[in-house]
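Note that subunit A is present in both complexes that follow, paired respectively with subunit B and with subunit C.
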Partner chain A sequence: MTTRHHLPGFLTGDRGGLVLLTLVLGAALLVPAGNLLLAESHPLHVPTYLVGLLGKYLAFALLALAVDLIWGFAGILSLGHGAFFALGGYAMGMYLMRQIGARGVYGHPVLPDFMVFLDWQQLPWYWYGFDLFPVALLMVFLVPGALALVFGWFAFRSRVSGVYLSIITQAMTYALLLAFFRNDMGFGGNNGLTDFKDLLGFDLQADATRAALFSATALALAGGYLLCRFITASKLGRVLRAIRDAESRTRFLGYRVEHYKLFVFVVSAMLAGLAGALYVPQVGIINPGEFSPANSIEIIIWVAVGGRGTLFGAVLGALLVNYGKTWFTGALPEAWLYLLGGLFIGVTLFLPRGVVGLLVGRRRDLEGSP
Partner chain B sequence: MTTAAHRPDDTILYLDAISVSFDGFKALDGLSFYVRRGELRAIIGPNGAGKTTMMDVVTGKTHPDIGQVIFADRVDLTRLDEARIANLGIGRKFQKPTVFETQTVFDNLELALAGDRGLWAALFFRLDPAQRQRIDQVLETVRLTDHRHRLAGHLSHGQKQWLEIGMLLMQNPQLLLVDEPVAGMTDEETQRTAQMLKEIARSRSVVVVEHDMAFVKSLDCRVTVLHEGAVLAEGSLATIQANERVIEVYLGR
Partner chain C sequence: MFRRFHRSIAALGVLLTLWPIPGAATLQEDLAGLGNGSFATRMAAVTRLGASGAGAVVPALQALLDGRLHRRLADDRVVVAEERGSVLILTDPLTGAELAQTTPDAVDKIRINNRLRTLIRATLGGLTLRSPDPAQRLVAAQAVFKGRDFDLEPTLRQVLEREAEPAVKAAMTKALAALRLANPGESAVRVAAATTLATFGGQEVRALLAEVAATNPDGTPREADPEVHRAAVAGLALVEERLRLMNGVGNLFQGLSLGSVLLLAAVGLAITFGVMGVINMAHGELVMLGAYTTFLVQELFRNHFPDAFGWSLALAVPLAFLVSGLFGVAMERGVIRFLYGRPLETLLATWGLSLMLQQLVRSLFGPTNQEVGNPAWMSGAIETAQGLVLTWNRIAIILFALAVIAGLALILRHTPLGLQMRAVTQNRPMAAAMGIRTGWVDALTFGLGSGIAGVAGVALSQIDNVSPNLGQAYIIDSFMVVVFGGVGNLWGTLLGAFSLGIVNKLLEPVAGAVLGKILVLVGIILFIQKRPRGLFALRGRAVEA
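Let's turn to the complex of A and B:
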């Protein structure tokens, strides 16, 4: 900890976060190195499938971070955050579809295969521009952000909160699920978008591309962490916690609660969108299933398991639960959903502050006593 | 009995014929009274007299069906929301102490500190020495200097009430509405609180809603009695206690 004095103010005292940042940035270098530089026979060689799997976990961790920002700090329990993730994913998917060009099964120079199959003659207007990476990248943030802005503006202005807000977020993602299932929406219907070939000209099947995607995800997670930490360590973060704990008191102090909620809700939706955009090229597909309400609930479980309101706890929870999922769905596939449900109940009852509460709980409880 | 019709020039708050009903029940029924600048005023009345509804109307939580609430002789508060009214200079203390329990005493006061309530101001906020001094001052006033780094949730009931009063002082309001500040306090805490409120009222107007007659007595101020959503009587505590109608509906024979 010799660098302590050079740390920006918002990182001091955040030991868990510093450990996390070190590990994530270390992984951003070491995982690609272990994959690309070490021979397959080397004991520390990282196989390509594992690079993709870890990249997926880190995208989920970024999503969990986005949820913790609103749930852990502002008390906004969104059960529809999977929707923002999926929208970011679709924006990236649309870019990847346009990159296929004439290499599709039907060989149409502009239209993606599913449009040719549906006998469409031209590209729908909302697909324009997605052949350009900067436009697609902008949309990764803009589309989830705009939805969150409109949705949040109505919800927070009408003072919808607590379980009612949770229910309408769930309804939102379900409505999007149904809409994206429809073929005439122009997003590939049931099958979604897949058969991607390359990104920025790099072959998505190449080891180097996959390693770069992993590193990009790790860097995005680190950046997302820094942003969330900057927000939550500022006075704005203390206002958010004030809203979480005593909303009307905060109003009577003169804070416009709805502006504060809307701000973090939009930031959170954009981070979720970015997570989705990083996820899609690594798993090679995006379909309406990502909008499923169950997915959104699962994110809540990650955050609850890790420890709500700590940021690094959310990341830890996402990694632990997803590792557990990978292992269990291999070993005992039927048991996983029961286990996940049991995990949520167990954590709620016995570990209200999650795994992080176990690790640092004693110290925190003592803080503040005379 | 004073009516609001001939109110003096130094009025800070003027309620003019306020009526509020909830599902047919008239919580306030043509309520009118005024409070002068720098005045300490006690409001008493039986349960359901409309005391809390009156505070809700003044602070923007409830919008009245008819009537006006004029603040500082110029603003009608009845169409504004809570945040706007708070920023005009009206502070409110709830009946149940509401402080931010997971934050320290110091942070609670810092959150209440008067200033820009905007998002960007909050995101890049830095406490300057003058503001730090102001917090220290208020900590002293509400006797919490030694507890500044404790979590507010760990304070005793009485200390939480004081912290909340301290937060109101940080807001630097012109008018303070205080709902039953001594409920659940020990006698000693009650006396201290009365002293605190009298001190505060030296530089601003304070309206206290209270049940505890001993406490009202120790405030030594003008008293307004509410009954069924309107003013029943107003005057010194002695006059009130001698008033036949007040005895009948409230004090009991």
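Let's turn to the complex of A and C:
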């Protein structure tokens, strides 16, 4: 255990986190290598579709991390986090749309196909600048962050909490769902944004680009984990936990509860936006369905299955549930909703600390037994 | 020129109609006159037939107009001929009795010219206007209004004087005014007609007045008579204002209707949330179960008692209450009671239940919409002359929602269960200390709220598609009603549902349906900031729970 002395303080004792970081960083190297360097006949070859699938899972894992940060540590159950994810995705989608240029079906040099189809003459003002990657990247953070700031500022200042907050976050994502379905909004309406060609000049269909996107997602997940761990292990993190467990008491002790909550809410929304931005180029489409309230609730179950309030549990849960979803919707599509529903019930009734609680609890039982 | 001539003929016909009603024998004689070679004789015959005032001549004249009236060459008898394959079926024009079958060359078609055609039309109009059946007279008056055939003016004037039925009288007055305004004539008469028309209002009147009030592209009125033009413009303004008002009333009605739907969907949720602090995400699915119960009950009636179909809803309401209520009690006993004091976990567990219920219904009934019918008494609509349409099923749902609320208020106020429920809502530990079995109250409350969701499903099945997604469509709106109105208070739910429904429908024409809904959602999110516990907040210890 000599490594402990070389670790930053906030990682000390976080054995689960260290395992996770090792695995994720290892995957960031090995999966692309397995895809690009090994021949297709090689037993360890990673097919391209799998790279995309794993990349999607990792983007979801980052999203789950964002939700765990607010739900697990500050007690804010957001049923609208899919909205921040989708907004980040749309920001990235807009950049990818602008990159298509004149290669669209209608061949217009500036306007995306759906605008030409709607007979629009010029680009709406909010599409300006999205042809530049740095601007788009900034917007990936800024748009979800700004929405979270405004929404959170109103909500936390008025001490809207508990189920009320859950319900209005759900209303928020529902309102956005309806809004993005409208063609007049200028985001492609029902069909959303799709038919992307390339990212930073690299062909999105190329194996190398997909491998690079996977690595970028894995690095973002590792970075996101470090950030969340840093926040939660700090003094601020302890205040957040105090708020989660006894909000009124923390307020009476003189802490400005709403500021703490707002900070962590905005950070979480930005992480969700980043997850969305990484998700979109890998799946090749973003449409208003991402805003649906059901999607947002599903994120919660990833966190709950993995183990709320542990960070690495959220990542584990996202990977487990999404793998299960891929497998079941392929093999037994009828059974998937029963299983997902059963997961919600079973985890809340029998596994309040998730899979991680199960593992840690058993070890503790072993270690703690006299 | 021709027109004037026709009119004099028509006037003659009207004069003749004042003659005493002749017997059937005379009718047969006049009918035979239709087969005569000369047009003048035929016109006289039509006039005399019209003068008879007998309803029996209507089909004969109609047949003449349609070219179905023939003369049998063998005996010169006038008959109605219908082609059936290669043969002609001959029937008596007055009695409709079948006479014989024959070949097309055995009869000669009775031809009519334009003058005769006009005369027949006028006579037919006059005849139906004189029909002893008020409903027929009403239809005739409306037809005159639409046709604007000035030849009927004298007839109409006469029958109007003798008309006793108010509804028919109004329709005739309206038709007469329309005839006078639409045709050239004395200025004063036409001005009076425009004023009379304006008092009636409605889309048809608006169109007629707009025609007279129209201007040429250069701005000059198309109507030559300035007095009439002015009266038409004034009348048009009046009618349009009233139409706008009616439109507003129509929107209000739509809003009330939406509000009552929201109320039904939300009130059960409000009860469970109010008493137990539990957000039941499966509430929408309990509504859906109610709708499917209605479907099953209706299938039963369709297959076994088709005559009693109108009563199917009367059985569906209690059954839906039982089905959803039992599901609710099972959910409470099986899952929710282990999660008290952890509202967020309850929310997740009930969401899981809702997914399973959706999939269950999808597996059993398929993903498609199920056919649920309206009983006869609920179809149709009240239509006022002003163009307001109130459909019966919407009216029934508004009344039903109010009845459900009233029933619920009675249960909460005047039954032991209601008393215990209120006690548990206000202070759970104290209620328990007083000997109330709070566990039982919870289960029964949950059952009651769920049962009402089922009843709401019966109502929704009448206006919406019954599919596994039915509940999902209403759940968010129901939440909005509950958080807007405040929990544990029926008045809050009532006021919340109706104000959201009405605001939604009033915004719709201005902003469009989707944007209107978005605005309402944003409005509620902002409202919650101002009053985090809704319109009617609970006071006391329950607040911090």
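Criterion: the second predicted complex is superposed on the first by the 359 of 370 C-alpha atoms of A that agree within 3 Å, B and C clash if a C-alpha of one lies under 4 Å from a C-alpha of the other, contacts with A are read in each partner's own complex, and residues count from 1 in each chain.
By our rule, a contact is a pair of C-beta atoms (placed from the backbone, for glycine too) under 8 Å apart; a residue touches a chain by one contact, two chains touch by 3 or more.
The model shown is predicted, which means the values in this text are computed figures rather than measured ones.
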**Item:** More subunit A residues in contact [subunit B versus subunit C]
**Value:** C
**Request:** Give one of first, second, both or neither to describe whether A:Ala242 is in contact with subunit B, with subunit C, with both, or with none.
**Result:** first
**Request:** Please indicate which partner A:Ile345 is in contact with in the superposed arrangement: first for subunit B, second for subunit C, both, or neither.
**Result:** second
**Touched partner set for A:His259, first subunit B, second subunit C, both or neither** = first
**Prompt:** Is A:Arg251 in contact with subunit B, with subunit C, with both, or with neither (first, second, both, neither)?
**Reply:** first
**Asked** After lining up the shared chain so the two structures overlap, which partner does A:Leu77 touch, if you call subunit B first and subunit C second: first, second, both or neither?
**Response** second
**Request:** Using the touch definition from the top, say if A:Ser166 reaches subunit B (first), subunit C (second), both or neither.
**Result:** second
**Request:** Using the superposition described at the top, list the residues of subunit A that contact subunit B and also contact subunit C.
**Result:** 248
**Complex interface listing, subunit A residues touching subunit B** = 231, 234-236, 238-239, 241-242, 245-246, 248-257, 259-260, 263, 367-370
**Request:** Could you pull out which subunit B residues touch subunit A in their complex?
**Result:** 59, 61, 81-83, 86-87, 91-92, 94, 98-104, 107, 110-112, 117-119, 122-125, 146-147, 149-151, 154, 167, 171
**Prompt:** In their complex, what parts of subunit C are in touch with subunit A?
**Reply:** 273, 277, 279, 281, 335, 338-339, 342-349, 351-356, 358-360, 362-363, 472, 476, 479-480, 483, 514-515, 517-518, 521-522, 524-526, 528-530, 532-533, 544
**Asked** Tell me, which parts of subunit A touch subunit C in their complex?
**Response** 77, 151, 154-155, 157-160, 162-164, 166-168, 170-172, 174-175, 178-179, 181-182, 248, 293-294, 297, 300-301, 304, 334, 337-338, 340-345, 347-349, 352
